[in-house]
Every structure is written in C-alpha cells, then in structure tokens.
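One chain, chain A, appears in both complexes that follow, with chain B as partner in the first and chain C in the second.
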Partner chain A sequence: MGDGAFAETRGQVRAALRPYLAVLASRVRAQRAYRTSFRADLVGAAVVGLTEMAEVVVLFSAANGTLGGLDLAQALLVLGLAELAFSSADMMFGHVDNLAQQVRAGTVDILYLRPQPLLAQLVTSDISLRRLGRSAVAVVVLVGALVVNDVDWGPRTVVLLALSLVCGFAIFCANYVGAGGLQFFLLNAQEVTNAFVYGGRHASTQPATVWLRGITVIFGFVFPMAFCAYLPAMLLLGEPGAPWLPAWLGWFAPVAAAWSWAFGLFAWCSGVRHYQGGGG
Partner chain B sequence: MTRTETARPAAAGSVEVRDLTREFRVRNGLTVRRLTAVDHMTWSIAPGEAVGYIGANGAGKSTTIKMLAGILVPSTGEVTTCGLRPVKDRRRLARRIGVVFGQRSQLWWDLPVRESFGILAAIHSLSRGQERARTDELVETLDMGDYLGTPVRQLSLGQRMRAEVAAALLHRPELLILDEPTIGLDVLSKQRLREFLVRERAEHGTTLLLTTHDMGDVERLCDRVLVVDHGRLAYDGTLDGLGRTVGAERVLIVDLAEPHGDLEVPGARHLRSEGGGLRQQLAFDPAATTAARVLAAVSERVEVLDLTIAEPDVEDVVRRIYERAATSTS
Partner chain C sequence: MRVYARILAAGFRTQSRYLPAAFAGLLANATFGLLKSGILLTLVGDGAAIGGYTAGTMAAYVWLSQGLLGSVNIWSLPLSAQRIKSGDIAVDFLRPADVQLASIADDVGRGLFALIPRGLPSVGVGVLLVGMAMPSEALPYVLGAVSLVLGITLSHTLTYLLGTAGFWLVEVRGLQGLYMGVAGLLTGLITPVWLFPDWLRMIAVATPFPAVMMYPIDVLSGRTTGLDALALIGAQAGWLALALAAGAVTTRLGRRKLEVQGG
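Now for the complex of A and B:
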C-alpha cells in the first residue's frame, strides 16, 4: 500500500509538472537550434564572469592585497559563492525582471488564460542557458578559492557550502520575483528594481566590512545579500565577520532566504492585485 | 478528474453579467482622471448561443472580455462565466473557456505550429490520445496540414489566425471568446474561418462571444447582437432587429458595360451613379433580400462587368443606435 501511494504521488507530481516541463523543453530546443549564436552567447556570458573576477583582482592589487580584512584569495571565495548562486538564479528567474515589457506586449494576459499559477508560468516561460557560461567561470573561481584558502574540510564545511549556495540562489531568485511584482506598478521604472537586483548582486560579492552603516542595514538585512556569500565564507574561513554582521549569522542564511521570499512574494501579489485592479 | 464530452453542466458556456462596472484611473501628469470603461451593464448569454459584441473603439469591449476571463477585477457588479467566478476560480475557468485576442499570440513564435499545439495540450493536461484526436480534427477542419511544420513567425496572418483559433479550441472549451478574429484578413481567409466556426458550433455546441468591426462576421456567425457604447448596453437583440431599427444596409456596387440611367430594382434603393452611369450603387436591407437577388434583378436590365459589396460599418451602426437612443429619451 505504501508503494501504491508512493507511485500515485509520483504520478500526480509528474502530471503537475508536465505543463512547465513542456514549455521549458521547447525553450531549450529553441536555444540549441541556433548553435553558432548559442555558443557565442555562452562565451559572452563567460566573459562577463571573467570581468567580474578581474574587477576583484584589480581592486585588491590596487589596495595592496587586502581590503576590509580579506586578502585576494578570501575575496575570491566570496566572489565564487556569490557568482555561482547569482548566475544560476539569473538563468532560471532572470526573465521575470522583464515583466514590464511583457505587460506592455500583452503576453501577461495570455498567461491568465492557462490553468496554472501565474508566477509559476512566468518563471518557467523561459530559461537562459547562455548563463551557464558565467556559472562555469564561477565554478572555476569557487573551486580555486577553496583549494588556495586554508579551509578545514569536514561535514561542517560541506553543509555550509551547500547551505550557502542554495540560500544564495533562493535570495537572488526572490529579488527577481520582487522586481517583477514592483514592475506591475513601475512600468517605466525598471532602474528602480535594477538598484536592488543588480546592486544587490554587486554587494553580495563584497566584504561587508567596507560597507557604511546604511548599506549594512540595506544589504545586510533588508535585502540580505551578505547571507549569499560573505557570511558563509567567513564561517568557512574561520574569520570573525563585520561589525553588525558577525560570521555566526551565516548559519541563519535559510532565515534570510525565507525573509527574501516573503518580501518578494508580497511584492508579487501586490503587483498582481494592482494589475487586475482589485486592490483599489 | 474525469472529463466527459457529452454531459456538460447546466451552466456550460453561459455568461452572466449583472450591474457590471469597471473604472480606470488615468494619470495625466499630476491630475488623475476617472474613466468608466464599463458602466453598469447587465446581460447574459445562454449555453450554446452565438453573440456578437460590437461597439466603437474604446467602447469597453476588451475590458468586458478581460473581466469575463478573470484578467481584470470588476470595480462593482458581478460576473459569472460558466457558472464560475472568473477571478477567484481563474484556473478552473481556464480549462473551460478558450480566448483569442486578435493582436496577441498564444503560440510560440519560434516553434512550428505542431509543437505549440503539443505544449498547449500539456498545459491543459490532455492525454496523448485526446491531443492526437483533437489536433487531427482541427488540422483537417481548419485546413492547416500544409503549414503544421512551419514556425509561427513565418505564417501569413490568415494562417496564424486559424492556428490561434485552433489553439484556443484544443481543450474543447464550452465558451469561445474571439476578440477581433478577422481583423486584417483577406476575404477568403475570413470566409474559411467563419465556415469553420459555424461547423465547430454545430458539432460541439460551443457558446460563442465575438467582438468585431466586421458586420459580415456578425451576420454569418451570430444569432444575437449586443451593442455597447461608452460602456453601456445600447442594443440587445437579433441582427434582423438591429437592421430594422437602424437600417443597416449593405451596398452593391456594380460596374456596367455601358452607361445606364439610374437603376430601379425591387428590394434595393439607388444611392448614386458615377461615370455617367457606368458605376452605380444600390443599397439593400440584408434582412429583406439577398445580394444575389439584387444582382439577378440588375443583370436582367443591364450587363454587369464587375461588382463589390460594401458591408455596413459597425461604427456607423453604433452611431445610429446611439442617435436613436438619444432622440427617444429626449
């Protein structure tokens, strides 16, 4: 009976996922159909990732090798964690940030005519495989940083790494969802949402010790970018962290992710209500 | 969940609109203006009816349709579509209605038509068997076999519109809503689409709600007409009645082999002559006679080289309805 129930649940899950997988599979096929341009896109995304890395290297060499209490190798660990989480989120959720264009083109109305939740449809309406180029650079940076730095390998480290990547991914995704929700209100003001989506990405790659008080509050707690990479990295390295952001807070990354999603979903639901005109 | 094709609930495809109002706030610089797109409308559509919903641009047609489909929340009043509350039950309703917005595609522009149908079948949880049977049926009746493998972006407008209608009908909805389905189509494409819709309705009893600027659509497809003007219901009744109340005439324009004096034909009214009588315009009431009968009568008298038929303009009909309403209340 247990097996039967399991098989039944599995069947239901598969049936529930079928609409989304059908769309995603078609997006993957469409991107692979133009091989040359897809390869060029992959390379282009990788170059963006390399530029991000070069920026950190240049910054640290200009600052005589240390900035905010971190040396270059430690900073690259922060960068690797942040970039891997961000590029994955960008691949799967990045197009949610284009909601304003979709509202103007009327494609959002089409989603209302399908029997799935709107947000789930929007997220699975596309997938930007070219971002894998940037993810690949992030993986190389992360692995390199883990080798170069003095990391104490054990179950704790593995758990921390996994926790950091999963929560960082969730936080970046939540930012995209929030940005999408706000764009229902701010049809011509994508720059406003870019400030925390891409500003947040940039903040997540920095040592939080260099932040001013106000920035610490915004990117430490309101948009908890410090939890994506900086705090977990400090735990991995056995470093103390920053004022207001001690390293042990890194264990609370799931709380930060939950908060981000609460904020993102609130913005999304308000946006949908505004679009339908139900909220006044 | 089991779905049976024959036994449909009593509310299948019905629409009920009671005291429906929708206001928009339009921001113009610092001032905010209130605009009433739909203004206290009450009407209903019975299962299986075919209704033309006509009115000038900005009369509130699209706003109404969006409220019927659960895209917009009414400001006040009530909507019930297929017995459901559109906003609250949007996802359940989506399985029971099909909508075509003439200007917005629900197909994937970079995929072949066949693949778009496959994805929509997955979206509506059709089994492989249901999908194949329904796709085959639609491909045959809409004559889409030639371009099933063509990417949507390469289709002509007529081909794309047929594919859009098929996409909206794939899950066998009880109610089909078409927003300007024939806009921009050539005469032949229009004709094909209308023939298909007549057949589809005869076979499946689908309720049809259609907005259009083309009186030809209404004449060939609809039993009943709703005319909206400034968000208000200005007329609700049969097309014949509409023709009688406002005298919506069609005009037969004939080019003659030789000049002729003003033609006098029973059932038609001479409007004017051009080129010394080489081209003449005859107006007739489509409810009283047919274009063929008028043409036959003309041909008895003179030799006809060429002809065109001008349909009454929806804007014109609406304007007359509104004038009539204004004079009857004053």
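Now for the complex of A and C:
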C-alpha cells in the first residue's frame, strides 16, 4: 500500500469516528461542568471500591492465614486485577446497563433512526468518568499486591498482567453487551442480568477453589469469570489453581474473551432484531 | 394513622404488579447466595467456630441476608428523593399527610411485598441446596418478625433522610454512592459484622446500620435469643426513633430551602 492510499484510509477512519468522538467529548465536558457534584461522585465510587477491598480483608483476616488456598496478599492480587478490569469496563460500557429503562420509555427508537451501528452509538453515548474513583483504588490494591507478593519481574510477568487486564476488560464488557441484548426480551425483569454482570464481577474476585460445583460451571466456563483475574494471577504466583480450573488455563484467557464476545454479540443481535418499537 | 396504613398497602400492591421483576431479583439473589455460600462455608470449615458461626448458622446468615436484601433495599432512594430534585415535592407539602411518613410507608409496603417473591424463596433455596440451621421453636420467629419489620422500616427511614440532602445539594448521587458503600459493609450485607476485626466492629455497632440487617438476621436465625434478642430489638427501635426525628428536622428545614426547578 502506498503512502497516498494509507493517508486516504486514515482519513476515512477519522471521518467515520468523528461523530462518536464528538459525543464522547461532549459527555466529558458535561461531567466537568459541575465540579462539586463530580468530586462527590468520584469519592462515592472510590468508597464502593474500598468496601470491595474490605470484604476480602475481613474474610481473609478472619480465616487466620489462608482461605481457598490463597493468603491475603495473593487474594488482593486477584482483587486488584479484577477490580481494575471491571471498573474500566464499567466506565466505558456500564451505561449499556440502563438500556432497560430506555426500552421501556421508548427512547431507544431514536438510535434505530441514525445511520450508525446501534451498539457503537450506545457505547459511545456516555463515559462515566466517576468510575475512575474505583479504578484508582484498584490500581493501589494491584500495585500494593505486586510489591507484597514478591513477584519475579520478567517478560512473562508483564505478558500475564497485560493478558489478565485486557482479557478481563473484554470479558466484563462482553457481559454488559450480552445483558443489553437480553434487556430487549426481559423488560421489567432486568435484574436477571445482574446475576452474571454483577454476580460475575463478584465471582471474578474470589478464589475459584471455594466455588460450589454449579458455580464452577457457570462462572468458570459459561461466563468465564475465572479467566479475568484468578487464573492469570495463579500463573503469576506459581500456584496450582482449582480442581476444574488448573492455572495453565490462564493462558487461554483470550479464548475465553472471544467466547464471551461471541455470546454477548449473539444476545445483542437477537435483541436488536426482536425489538418492535416503543409505539411512539 | 389510617392514611399511612393505606399508603403502605398501596405500596405493597404496586410491587405485586411487577412479579417478573421480583423473580429476576430472586435469580440474582440466588447467584450471590451461592457465591457467598462457597467462600463463607469454606471459611467456617477451615477453622474452629470463627465469630461463633457453624456451617449451619453461616448458611442461615447467607440466605437470610440474600432474602432480606430486596426488602431493605439500601441501594435505591425513595421516590420522594426524585421529587425533591425536580421540585414536585412542593405539591406533596400541600397534601394533608406528612411527607416523611407517607414516603416511608410507601417504601415499607413495597419492601414487605418483596418478602413473598424474593425473601421466602431465597430461604427456600438455602434450605434445599445448602442446608441451613433454623430454630425449631416459635419464639425466635415472633421476635424475628418484629425485628424484620423494624429493620425494613429503619432502612427506608435512612434512605429517606439521605434523599432530603437533595434540598441542599440537588444532586445526591455521589452521597448515595458513599452511603451504598458504607451501608453495604456495616449492615452486614457483605460479610457478617461479627467477622470484622474489633475496631471495625466497634464502629459498626456505633452506627444504625447493623440494626437494618444484621440484628434481624441474628434474631430470626436464633443466633441471639432471650433478653439479648430483646436488647437488639430495643436498639433497633431506638435507632428508628432517632432516624425519624432527624428526617422530620431535615424535612422541615428543607421545606424552607426548597427550590423548584423550572417554570
């Protein structure tokens, strides 16, 4: 490809992205307009992150040492990875979870009228910068855990960290997309999807060794939450993993992410096709 | 008094129109219940009587807390909070019923209904799947019912109080996030308060939050009995009286501060 063709392609990409970027920039400006309110939101999000940490600290301290084969420092590594991936996904995709209200109010119709993909419009319709409060807590937990755990730094560790964060982010995003698709069918029963979106988030912070068998099937494989943080962390720490989920499976996190997206997009496309309009 | 009883009944009936929503909530409760069972039962199985819990009483904690969650509902603000933000509350002040009591009665009605499709089945799932220990005599259930109603009422009184912050702040979402985090931990929703390290447990007991959920669970599961149970119920009643008084004050002050947005 010549230089001219390359510049042309780049120009086309930029033109295609322009409407999305305009909307996102407006959302960022909107959140910066009310400073006190935004600061309160940041603190609120950080406190939610802190309570997630408190849960792990309380449980592992009460256990006097190890719980489910992990000690507190190791559990905090799993928590830090999971929380950082989840809070980022929540920032970029979390508002997809409000789709049920839009479907009920009929306001989703307007998205069908615009000449852009529905999902792309919805995802770029907002960005919840307040979630950065929770991400900040996650970063502190993760860095602290990496220091305390005496990890030997090398290319393998860096690759594993990147693998965990990227694939974890992708899996959490895919859950939001799948949940969004299901909202077109569920309407009032929107809480069904909380079971795997927020239940899945909770599962991703736990050592998989403590899971009951049904949970292992659901959150180990159907919604592959074990791949978000637990399995990569076990590889990093040189721990064996859980009975049905040995640590080496952690290398297959990209496969798990691809599977999540296949499910999420299938649910999304079925939902979009199923929608009959708000009757407006 | 009759008017509040009727608002309470109306709240109960409103919620009965949303049965699919209730069953969806039940599915989410059951998922969380199973996740919590896994880790908490491992914890109890590992050591000797951590926090005084056995496998049976820990399972009772998990499933009672999941069952109560939809009824105490610490995550949503009452409708009155939206009306404060929009200024519609001005209309409510003109009505011949107390704004605070009417709002709480509505939410308590909804909360009590949630016990039927979400509370009881959650406990049922727990009994069937995990095997939880429940008392065999009648008294804990009688005291538990009183404690439960007090806890549900206290929770909605606190979220009402939180909503009245909107008279001054307009946007209370940040404050609500803070409340959800603190209340989630200190009510004993995330882990039993009795597993906390000493300093955190002392902080928790000095707040109204354990009275929302931890005390009702303790009384209902028979973990706390006799005079101790009555003491917990007394503490709940005390916190409820305080929260109601605080809400009455903020409502009166807020009424003077009220800004109606828009024309």
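In the analysis below, the second predicted complex is superposed on the first by the 274 of 280 C-alpha atoms of A that agree within 3 Å, B and C clash if a C-alpha of one lies under 4 Å from a C-alpha of the other, contacts with A are read in each partner's own complex, and residues count from 1 in each chain.
One rule holds in what follows: a contact is a pair of C-beta atoms (placed from the backbone, for glycine too) under 8 Å apart; a residue touches a chain by one contact, two chains touch by 3 or more.
Bear in mind the structure is a predicted one, so any value in this text is a computation, not a measurement.
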| item | value |
| --- | --- |
| When chain B and chain C are modelled together on chain A, clash or fit | fit |
| Touched partner set for A:32, first chain B, second chain C, both or neither | neither |
| Which superposed partner A:110 touches (first chain B, second chain C, both, neither) | first |
| Contacts of A:276 with chain B and chain C, given as first, second, both or neither | first |
| Chain touching more of chain A, residue-wise (chain B, chain C) | C |
| Touching partner for A:23 - first (chain B), second (chain C), both, neither | first |
| Which superposed partner A:14 touches (first chain B, second chain C, both, neither) | neither |
| Contacts of A:156 with chain B and chain C, given as first, second, both or neither | neither |
| Touching partner for A:215 - first (chain B), second (chain C), both, neither | second |
| Per-pair minimum CA distance [chain C against chain B, superposed on A] in Å | 7 |
| Those residues of chain A which chain B touches in one complex and chain C touches in the other | none |
| Residues of chain C defined as touching chain A within the complex | 18, 20-21, 23-25, 27-28, 30-32, 34-35, 37-43, 46-47, 50-51, 169, 171, 173-178, 180-182, 184-185, 190-191, 195-197, 200 |
| Residues of chain A defined as touching chain B within the complex | 15, 18-19, 21-23, 26, 30, 33, 105-107, 109-110, 112-117, 276-278 |
| Residues on chain A engaged by chain C in the complex (per definition of touch) | 34, 37-45, 47-48, 50-51, 54-55, 58-59, 61-64, 66-68, 130, 186-192, 194-196, 198-199, 202-203, 206-207, 209-212, 214-215, 219 |
| Of all residues in chain B, those that touch chain A in their complex | 22, 24, 66, 69-73, 75, 87, 90-92, 94-95, 97, 99, 101, 103-106, 108, 110-111, 115, 118-119, 122-125 |
